[in-house]
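The next part holds the structures, each set out as structure tokens.
Two complexes follow with chain A in common, the first pairing it with chain B and the second with chain C.
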Partner chain A sequence: MSALIETQNLYFQYLHHQTKQKWILNGIDLSIHQGEFVAILGPNGCGKSTLAKHLNGLLLPSDGSVQIQGMDTADHQKLDAIRQTVGMVFQNPDNQLISTLVEEDVAFAPENLGMKPSEIQRRVDWALDAVDMLDYKRHSPFKLSGGQKQRIAIAGILAMRPQCIVMDEATSMLDPKGRADVMRIVKRLNHELGITILLITHHMDEAAEASRVLLMNQGKVVMDDRPEHVFYQIDLLKQLKLDVPQVVALVLRLRQQGIRLPDPIIHVEQCIDALTAVREEDYGTY
Partner chain B sequence: MALIELKNINYCYSPGTAFEKHALRDVSMAVDAGESVGLIGHTGSGKSTLIRHFNGLLRPNSGQVVYQGNDLWKKPNEIRSIRFQIGLVFQYPEAQIFEDTVGKDIAYGPRNMGIGQEEMNARIRESLQCVGLDNSYLERNPFRLSGGEMRRVAIAGVLAMRPKVLILDEPAAGLDPEGRHALFDALRHYRRKSGAAVVLVSHSMEDIADFVDRVVVLDQGSVALDGPVASIFAQAEKLVSIGLDIPQSTKVLLGLKAKGYSVKTEAYTVEQAEQELLRFLKEADRP
Partner chain C sequence: MTRDLTVGQFIPGHSLMHRLDPRTKLMLTFLFIIQVFLTKSALSLIFLLLLLWIYIVCAQVPARKVFRAVRPIIPVIIVTALLNIFYVSGHVLWHYAFLRITDQGLFTGFTLLVRLITLIAGCSLITYTTSLNALASGLEQLLAPLKRLHFPVSELSMTLSITLRFLPTLAEELDRIIEAQKARGAQFATGTILNRIRAFFPVILPLFMSAFRRAFELTNAIECRCYHGGEGRTKLHPLKLGRRDYAAVIFFLAAFAMTLIFNSIRQPF
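Now for the complex of A and B:
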């Protein structure tokens, strides 16, 4: 079976860069399969957002190709189908909401796809329910909190029944509660509905929720592995000027002091359990 | 005497209408020259409303704003000149960049102060250097810079007015770790050089722990806590109960405490947590 998203030898540069020739994407070969939860990490300017914009044809490759369920993004005829397959949520929720009522906003895509009113209504209710915002159906989106707005933006994409949602730093403008709410919804969409998630983020604790982490630098994917492996590549993370998650730093320090902590530990809960186990084990020896 | 002091501020949005919202209730806080203060609180706690009182963008329903011993609202027509001394950097300040070169954009504030060309050129270069950008940026188009660079250009525009009080609302939001470090280095540099007071509004406890001396916690429009960083983080459970995030290291200690172990939970850096955990694990060796 072919992958949901497949990039082959993908190169990209902006045409107005006449002064210096610089590849923003510098040869990316990537396969992402249905149902995966992939986080993309990397410093500003490494090409994360540029890559994301290639995944539903907002940008087209300068060289190489991007295939979405076998459809080439360069094929103009396929763009509508591609954009129904891969939806994008951007950083600033205020730039994505257009209507004065939440339900109208969510209905925007199905309306433009020419669906019957009864089907539109069904999809809007279903999508709002999936993001826990059904109670706000008749509210104005502009009076909601940032986290609520992003959940409405997600619902607007869900109403198209996409295979994949790309979140481009969609939590970076939110407060801790808003972030936690959006992450809870994203995990649920992945686990319960099998929607493929691509999460671009600077927050290591969000990337820890993914099943696969891509590290990008200078237009290339420099590491592609499970988060518990990526997070312990301390030298590489530091070289890319990324933060080492506090839990990982703590585990490494304790190990240096001779505390035997098991692999893998990337979450706070895992760390608590491991520490409890070590302490109980020591008690047991007396 | 404090450089700037808010005394018993009350503020209400849309009073007398169905949308009436009491945003600040009897808020008092003072900031000394050279001090750095963190202002934290969850969304809707009144942080943004409060900082708009510092330079007279909002007028309190009751209470006083006292700057250098003078009540700001005694002489409302002098507030404009005071705004040059109390710089307010809003969230996403790069959205306010409008000129076509970096140099012109930074010059906008000082020009409005009536500063002469020679002095202005000196100030532009000084503030550009302060945010860690060199003179080659002066003629560049700010809209072609990276997000982190644009953020620093926008902040340089405020620094060029040489404010005595600098208030920043989430200045590091959306920046990558490198951009964040560069920004905080710039702010530290400015504070040391000018002796200005800095008020930092942030959701990031790591940034707060890293940058400020004292923390004021707002909850539902009132001051919930006010004290040195360590004493605020020592009340991690209270911070969690008012909906604030705490560092992962502190979460690990709180998790162990919740399981019934006796651990101290005031650590907020990895080093402090390590010490406490080593003590906790070694304690088990004793029968």
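Now for the complex of A and C:
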């Protein structure tokens, strides 16, 4: 089976034929398969968002190509199909909501696609239910919290029934509660509906939820591996000015103290389990 | 400063007025405005107030909210009414130097006061009872014949609805910028007029910058959701004229006729 998203030799710079500036995207070869949960990490200005905007044709490559289920994003005829396949959620929920009624906002995409009213209604209800916001159907989005607004924005994308959702720092403006709610929904969409998730984030704990982490720097993918491998590349993370995840930092300190912990620990729960196991082992020796 | 902003403050509900087709509401609002301007006699004035009361009840909007919409323009209304009191000729009731108050002037001033308040209050009802999208699509359908002349009706309606949608957001932003500049020692209410105008540049500039940034993000967001103009778009709730709408039109036309009749009945004023 071919990949859902495939970039080949992707280079990009705004107005590249006029300015001779260095590439924002500097040769990216990537393939992402159906159902994956990929986190993209990297310092500011490394090209994460620019890459994201290439994945549904908001930007077109200066060189190389981007294929979505075999469709080239440069093919103008396929743009609607591509945007229905890969949806995108942005940072500020206020700048994505276009209506003063939750239901009408979620209906925006199906309306643009010219669906029948009954089908639109079905999709709106389904999408709102998928993000746990069905009760707010007839509400105005402005009275909702940031996390709730962002879930409405996700529903607005879900209404197109996409194969993949790209979250472009979609949690960075939210409070901890809103962030947790959005992450819970995103994980559920991935697990239960098999929707591919691309999560661009600065939060290491969010990236730890992913099944694959891409580390980007200066327009290149410098590492592409499971989070438990990426997070223990302490030198690389520090070099890219990224935080070492708290759990990893703790595990490393404990190891320095001579506590033997099993290898890939990246979640708080794993850490607790490992520590409990160590303690029971110690009791066993008495 | 931005508290009084009532544009676009839709109050969700299921009242009689809420359930009318937006096209009907737009047309009837227009009719109502004409009716208000045609109101001349005391009798039709009383009738107008009665109508306004009926409409407010039908809209199930708290009267408090309706008059909050009127409040910002009360000074204008009062000045206009006062001018009329002094300028209209008639039977002189009181005079001092060049000022004269006549019975006709008093009546005209008072009539104007009531008419303007009724006008604003009546028009506020449509924004309170109609969601912006409904309003925009109502307008789109009413203007649809202009499409033949290559007039971008759908785009206009989309622009309108986005403008109204972002007004409160930008108003909030304006407040925030003013607070931020105040915290940095900016003074807005002192100095000469020139200085005061100059003091607003540090407010207007960031507001514009932020509006542009929002516009870019919004463009991306609506493109992601497959927007490409009005062509081929459908609606979640297509507009449908019902029996209710015809009844409302008949009621409004009857009320209009009543005003004309009340105007022509001979009265003391």
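By our rule, the second predicted complex is superposed on the first by the 281 of 286 C-alpha atoms of A that agree within 3 Å, B and C clash if a C-alpha of one lies under 4 Å from a C-alpha of the other, contacts with A are read in each partner's own complex, and residues count from 1 in each chain.
Going forward, a residue touches a chain if its C-beta (ideal position, glycine included) is under 8 Å from a C-beta of that chain, and two chains touch if they have at least 3 such contacts.
For clarity, every value in this text was computed on a predicted model and none was experimentally measured.
When both complexes are overlaid on chain A, the residue A:61 reaches neither chain B nor chain C. In the overlay built on the shared chain, the residue A:121 is in contact with chain C alone; chain B does not reach it. In the superposed pair of complexes, A:157 makes contact with chain C only, with no contact to chain B. Judged by the touch definition given at the top, the superposed model places A:249 against chain B, while chain C stays out of reach. After overlaying the two complexes on the shared chain, residue contacts for A:227 are found with neither chain B nor chain C. On chain A, the patch touched by chain B and the patch touched by chain C overlap at residues 91.
Chain B meets chain A in the complex at residues 42-44, 146-148, 173-179, 181, 203, 243-245, 247-249, 251-252, 255-256, 259, 261, 270-271, 273-274, 277-278, 280-281, 284-285, 287. Considering their complex, residues 53, 56, 58, 80, 83-84, 87-88, 90-92, 94-101, 103-104, 107-117, 120-121, 124, 138-140, 142, 153, 156-157, 160 of chain A touch chain C. Of all residues in chain A, only 43-45, 91, 145-146, 169, 172-173, 175-178, 202, 205, 241-243, 245-247, 249-250, 253-254, 257, 259, 268-269, 271-272, 275-276, 278-280, 282-283, 286 touch chain B in the complex they form. Those residues of chain C lying in contact with chain A across their complex are 8, 10, 12, 131-133, 161-162, 164-165, 168-169, 214, 217-218, 220-228, 232-238.
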